[in-house]
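Two complexes, one shared chain (subunit A), two partners (subunit B, subunit C).
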Partner chain A sequence: MGSIKNLKKYQMFWPITALLLVLLFNFFFTPGFFKLEIKDGHLFGSLIDIINRGSPLMLLSIGLTLVIATGGTDISVGSTIAISAAVVASLVGGEMVFVDGMQEYVTLVPMPLAIIATLIIAILLGMWNGTLIAKLGIQPIIATMILMVAGRGIAQLITKGQIITIYYKPYFYFGGGYLLGLPFAIFIVGLVLLIIMLLVNKTALGLFVQSAGCNSSASKYAGIKVDRIKLIVYTLSGLCAGIAGILISSNIKSADANNAGLFIELDAILAVALGGNNMSGGKFSIPASIVGALVIQSITTTIYSIGVPPEITLVVKATVVIVICLLQSSEFRSMLSSLLQKKRGDQVENQTLSN
Partner chain B sequence: MKKLFAMLLTGTMMLTMAGCAKSVNAPAETSAKPAETKTVETKTEEAKPENKKLVIGFAQIGAESEWRTACTNSIKGEAEKLGIDLKFSDAQQKQENQIKAIRSFIAQKVDVIGISPVVESGWETVFKEAKDAGIPIVLVDRNADVPEDLYVTRIGSDFKDEGKKAAEEMAQLLGGKGSIVELQGTVGSAAATDRLVGFKEVIEAKYPEIKIIKSQTGDFTRAKGKEVMEAFLKSDGKNIQGLYAHNDDMAIGAIQAIEEYGLKPGEDIKIVSVDAVKGAFEAMIAGKLNVTVECNPLLGPQFYDVCQKIMNGESVPKYIPSEEGVYRQETAAADLPSRQY
Partner chain C sequence: MKNDNIVLTMRGICKYFPGVNALENIDFTLRKGEIHALMGENGAGKSTLIKVLTGVEKLNRGEIALCGKKILPKSTKDAQDIGISTVYQEVNLCSNLSVAENMFIGREPMKAGGIWWTEMNRRAAAALKRLNVDIDVTKTLDTYSVAIQQMVAIARAVDVDAKVLILDEPTSSLDENEANKLFETMVQLRNEGMGIIFVTHFLDQVYAVCDRITVLRNGELVGEYEIKDLPKVQLVAKMIGKDFDELNASFKNMSSVAHENDGEVLLEAKKLGKKGTIEPYDVVVYKGEVLGLAGLLGSGRTEMAKLLFGADHPDTGELHMEGNKRNITTPLDAIKHGIAYCPENRKSDGIIPDLSIRENIILALQSKRGWMKYIKRSEQEKIADVYIKLLSIKTPSPEKMVKELSGGNQQKVILARWLLTQPKLLILDEPTRGIDIGTKTEIQKLVVDFAKEGMSVIFISSELDEMIRTCSRMVVLRDRVKIAELRDQELETNVVMNTIAGGN
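The block that comes next holds the complex of A and B.
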């Protein structure tokens, strides 16, 4: 019992519990959910789907954790995804070309160039947010709302309102390929996570981010360049969204300016919240957010697998999220335990009375 | 800081308003003349209706999809061909913009107003205004929830009929029995609801041996279509013989999921979808899609035909289904070059 109490102190405890609960539900109610087989030389199953599908969300939650830790928020990540998908698709894109009845793979711009260009644009979008917030002092939710609204318009301008289909095969590897039996996307997530964790833990960045979120003015007086820290975290968030856009467009082999990453910013914020991070800034844990993202994706995949009627999927999702949030709230838990104790107390009283 | 933001906001608002005013007012000036001549002509109109230049206002929803763009191009292109004076307004998915557009059409005294209502409700007042001004309203593609006397007719796709056609095609592909899964459109949209109902009706009435084992929304998008199909395959896998998708994009997404699962789309799993966009023909040529039921956006010719009839005083039915076909794999290669969307 004591060890569990100790465990509860860790931020990772509740997100992992939530993930295990969702998986446990599937263990009982979704036949074949845990079945892993090897197909075409890679692992195959619902669990792999969750990792593959959840990769863009995990990337976003990495960037957003830092942003939220500074006390800000970034609701423009969905639009950034749409823009980067549009850019990369129109650069790689290409036409369906048949040579002797066989489909040829063509690309308009060399792929590495296209990807670098896309990432640069994503970085610029992140810097735009950062500048508005850090240099001009606009409130984060408003500043990023500008890009959220305008971004889809920009993406539509790039794609001319059409869905651009990508016909260049090597590009599909990012979102659909496999390395060592696992989806390649998860290695990208791992790489980004590694770099950012090194940045956060091995340099002072993590500490600065945390202090900027705890008390911005105090940090400023302590000599921390809060402006620069904010600029950095929003830029990182933009970059993460850009990479997510590449993964999404690669996975579905097209860019849809209207729908790519639509409302994903809400899922990403939720992932950070489920990870037990404080929305008003301060202490944070990126791995916990990643677990949060996995929880969300597991719920989504579960809903599809068990055949929830489409009219109520959102309600089911919301209910599960509420339950998980309640589990995480220490106020709710203490309320619950005091209620239970009171009941037990009543019983004891009744017993003594009857005796 | 807040001040600066407020200034920015008002600035953009003014800009957008100026933009609206411009696009609505500019045609008003040019149309003043034909409108005047029209009032003079009304007496002789019955004698020779062909010579009079029709002035038509069209309130389009916006440009949210390839389908809509094709519809817009058809309306605009056909007007040019027929020499019709078209006042076109793009509402950018906002009802208030469409209402504004209709009011400006009334002020410009156009002959007929065409509209694709972005939502079903809230049209009574403005339709009444048009009726009082003596301007007939023709609903194009989408329906409006108003008393029937407020508009003349509706031209559009019969989504239910599309569902029925899809069901017949599916039954033929499967030989009358099998398990199928369904990818629904956005929950609550007329296209999704009616395509579902029409399909189900035919299957239940005529092909009791076909079972719809899973049905989930894919929101009309490729990404969702793929994601949902992946989950279907994981839970039902080899059990699935057919897939019915409410639009081509979801089918294209699902095709990728099926390929990744290791089955052959179009062979192991028969696929029927609705819309007939270019991407669907490409998939059919590659042998991955079996049938697509057309949902025709090229409504221009039919629309002007009806407008002309109304102006000639001929009676038109309350609902005119658009002309739609069914396209199959075998003829896809021959059909593709002639597709406009």
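The block that comes next holds the complex of A and C.
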């Protein structure tokens, strides 16, 4: 009992419990959920699917964790995805070209160049947010709302209002390819996670982010350049969204300015919250947010695989999320336990009375 | 017969907030036709007392009686209905409504199911006329100056048939002429028999209009005095918290600061100033001395320190350190040049509550080194252990969150944070506020020790005896102007108090 109590202190405890609960549900109600198959040397199965589909969300939750740790928020990541998808698609997309009846893969510019250009644009978008918030003092939700609204318009301008289809086959590897039997997207997420974790834990960035989020005024007196820290985290968030945009456009082989990453910012914020991170800033855990993202993706996949009618999927998802949030709320838990204790107390009282 | 004269009595008022006794057994009496000043430093309990009286806060114990009848206001509206009106520091009227509308909002005279405009305007004009204000009441409020707006607020407060009028720092946004106009009005209302409670920080204004003074300190009643019995210096003494006579009798300088400054200058500020914050000042800090900044709250002590630390940007003057001109525009610049600053407000500007003691201690050193050169965890732990021992911080572990420590230990953590940067100049702004007496003396002793080791210290405190004990030289400020420098035998309580109060 004591060891469970100790476990509960860790931030990871509740997100992992939530994930296990969702998986447990599937164990009983979704036949074949845990089955892993090897086809053509690739692993297949619902679990792999969850990680693969959840890659963009995990990337976003990495960036957003840092943003939220400074006490801000970034609701423009969905639009950043749309813009970066539009940019990369228009640079590598191009036309289908046949030479001697064989399809030739041509790009407008070489693919590495296109990807670098896209990431630079994503970084610039993040810096735009960061500048509005850190230098001009606009409230984060409003500042990023500007890009959230305008971003889809910019993406439409880039795609000229069309859905750009990508024909260049090597590009599909990012979102659909396999390495060592696993989806390549997982490796991208792993690499980004590794780099950011190194940045956070091996430099003082993590300490400064927590300090700025916890008490920005005191941090300034201690010599921390809080506005620079904010600029950095919003830039990182933009970069993560840019990478997510590349994964998504590669996976669906097109760029849809209207629908790419639509409402994903809400899922990403939810992932950070499910990870047990405080929305008002301060202490944070990126791995916990990743688990949060996996919980959301598991719910989505579960809903599809048990065949919930499409018109009520959102309601089901909402209900599950509410239950998980209630479980995480310590107030609700103490309310519940005091209620249970009261009941037990009543029973004891009844027993003594009957005796 | 005596009772006829009394409008309001408050007896044994107690108000507790979690962890703080905001008011402890306060008595207050207001007579008919008097202006009664409520004085005290910040946190003395003035505003809490006003809040209890006007129903904003509920009192825990005590009795309030208005004209002999026991009352217990539950809201400001409640208080207003029984005759207690308040005018706050900020004019809280609607600037886009007309003067008359502002005065009668919520109690408009009605006629035939609509507002009776002519009557309302007539009554508004009449009420203002009574205060010698002759303006067009149909114009919107924002067409008039703040002073007139203040008058409108008072006229509104008086018009609701008030017996008690509370003016909570009404002059802080007024210039001298406007303030004088307000005083005329106050005197007139007094002569009409109203009881007025006047809350202000400005000593001169108290002596200009008030009849009686009640002084509070740390939530306790110091006493009630007739204005003619209480010279300004004594008022300051009562506010700061030392009985003047007792101090005057004999308070030998206990300080053992061997201060023979060999003339080596560490820092020199030349005409450093910022408009609206602090008038340009010259200050020299010698190596190994403890320089005190004395003055009442709001006199510019903190503002002076903030300019030196780069937390505020001066718009005039320059700063020299060890003979070289330095351009310090951010706290980080200051830290790199060897200046450290313990801010006045420990909770909002000092501690990072959710971080551990270890992390709080290394924070300033880390920002001095830059984010790339992260101090190794093992080294951090070593540093934390050393300083926990050195300053005897009471904690079971360096990993404990700072918010779980007591105030005194939190202050020591901040002190450790700055000592770690090995500053040449340590600025301490109210380092002992809200700290138990034992830790207080500990910190005072540390300050003197630092100076002996060659560190220069600027010491700011509202407690005069503490200043006199620790400082070897003192700069006195009043109303955001540096007015004097005291040294050697001038460092005596009554001299300092006289200087702070600005003569009698």
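To be clear about the criterion, the second predicted complex is superposed on the first by the 353 of 355 C-alpha atoms of A that agree within 3 Å, B and C clash if a C-alpha of one lies under 4 Å from a C-alpha of the other, contacts with A are read in each partner's own complex, and residues count from 1 in each chain.
In this section, contacts are C-beta pairs under 8 Å (C-beta built on N, C-alpha and C of every residue); 3 or more make two chains touch, one makes a residue touch a chain.
In this text, all values refer to a predicted model and were calculated from it rather than measured experimentally.
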item: Overlay on subunit A: subunit C relative to subunit B, clash or fit; value: fit
item: Which of subunit B and subunit C A:A117 touches, first, second, both or neither; value: neither
item: Subunit B versus subunit C as contact partner of A:L136, first or second or both or neither; value: first
item: Residues of subunit A touched, compared between subunit B and subunit C (which is higher); value: B
item: Subunit B versus subunit C as contact partner of A:K283, first or second or both or neither; value: second
item: Touching partner for A:V109 - first (subunit B), second (subunit C), both, neither; value: neither
item: Partner chain(s) touched by A:L327 [first = subunit B, second = subunit C, both, neither]; value: neither
item: Touching partner for A:M127 - first (subunit B), second (subunit C), both, neither; value: neither
item: Which superposed partner A:V316 touches (first subunit B, second subunit C, both, neither); value: neither
item: Minimum C-alpha separation between subunit B and subunit C after superposing on chain A, in Å; value: 17
item: Parts of subunit C lying in touch with subunit A, wherever the complex brings them together; value: 309, 311, 330-332, 334-335, 341, 343, 348-355, 359, 363-364, 366-375, 417
item: Touching residues on subunit A, where the partner in the complex is subunit C; value: 202-205, 207-208, 210-211, 214-215, 217-225, 282-283
item: Residue ranges of subunit B in contact with subunit A within the complex; value: 1, 4-5, 63-66, 69, 184, 187, 214-217, 219, 221-224, 226-228, 230-232, 234-235, 249, 252-253, 256, 260-262, 279, 282, 286
item: Residues of subunit A touching subunit B in the complex; value: 30-33, 39-40, 44-46, 49, 53, 96, 103, 136-138, 142, 156, 161-163, 165, 176, 248, 251-254, 256, 258-260, 300-301, 304-311, 313
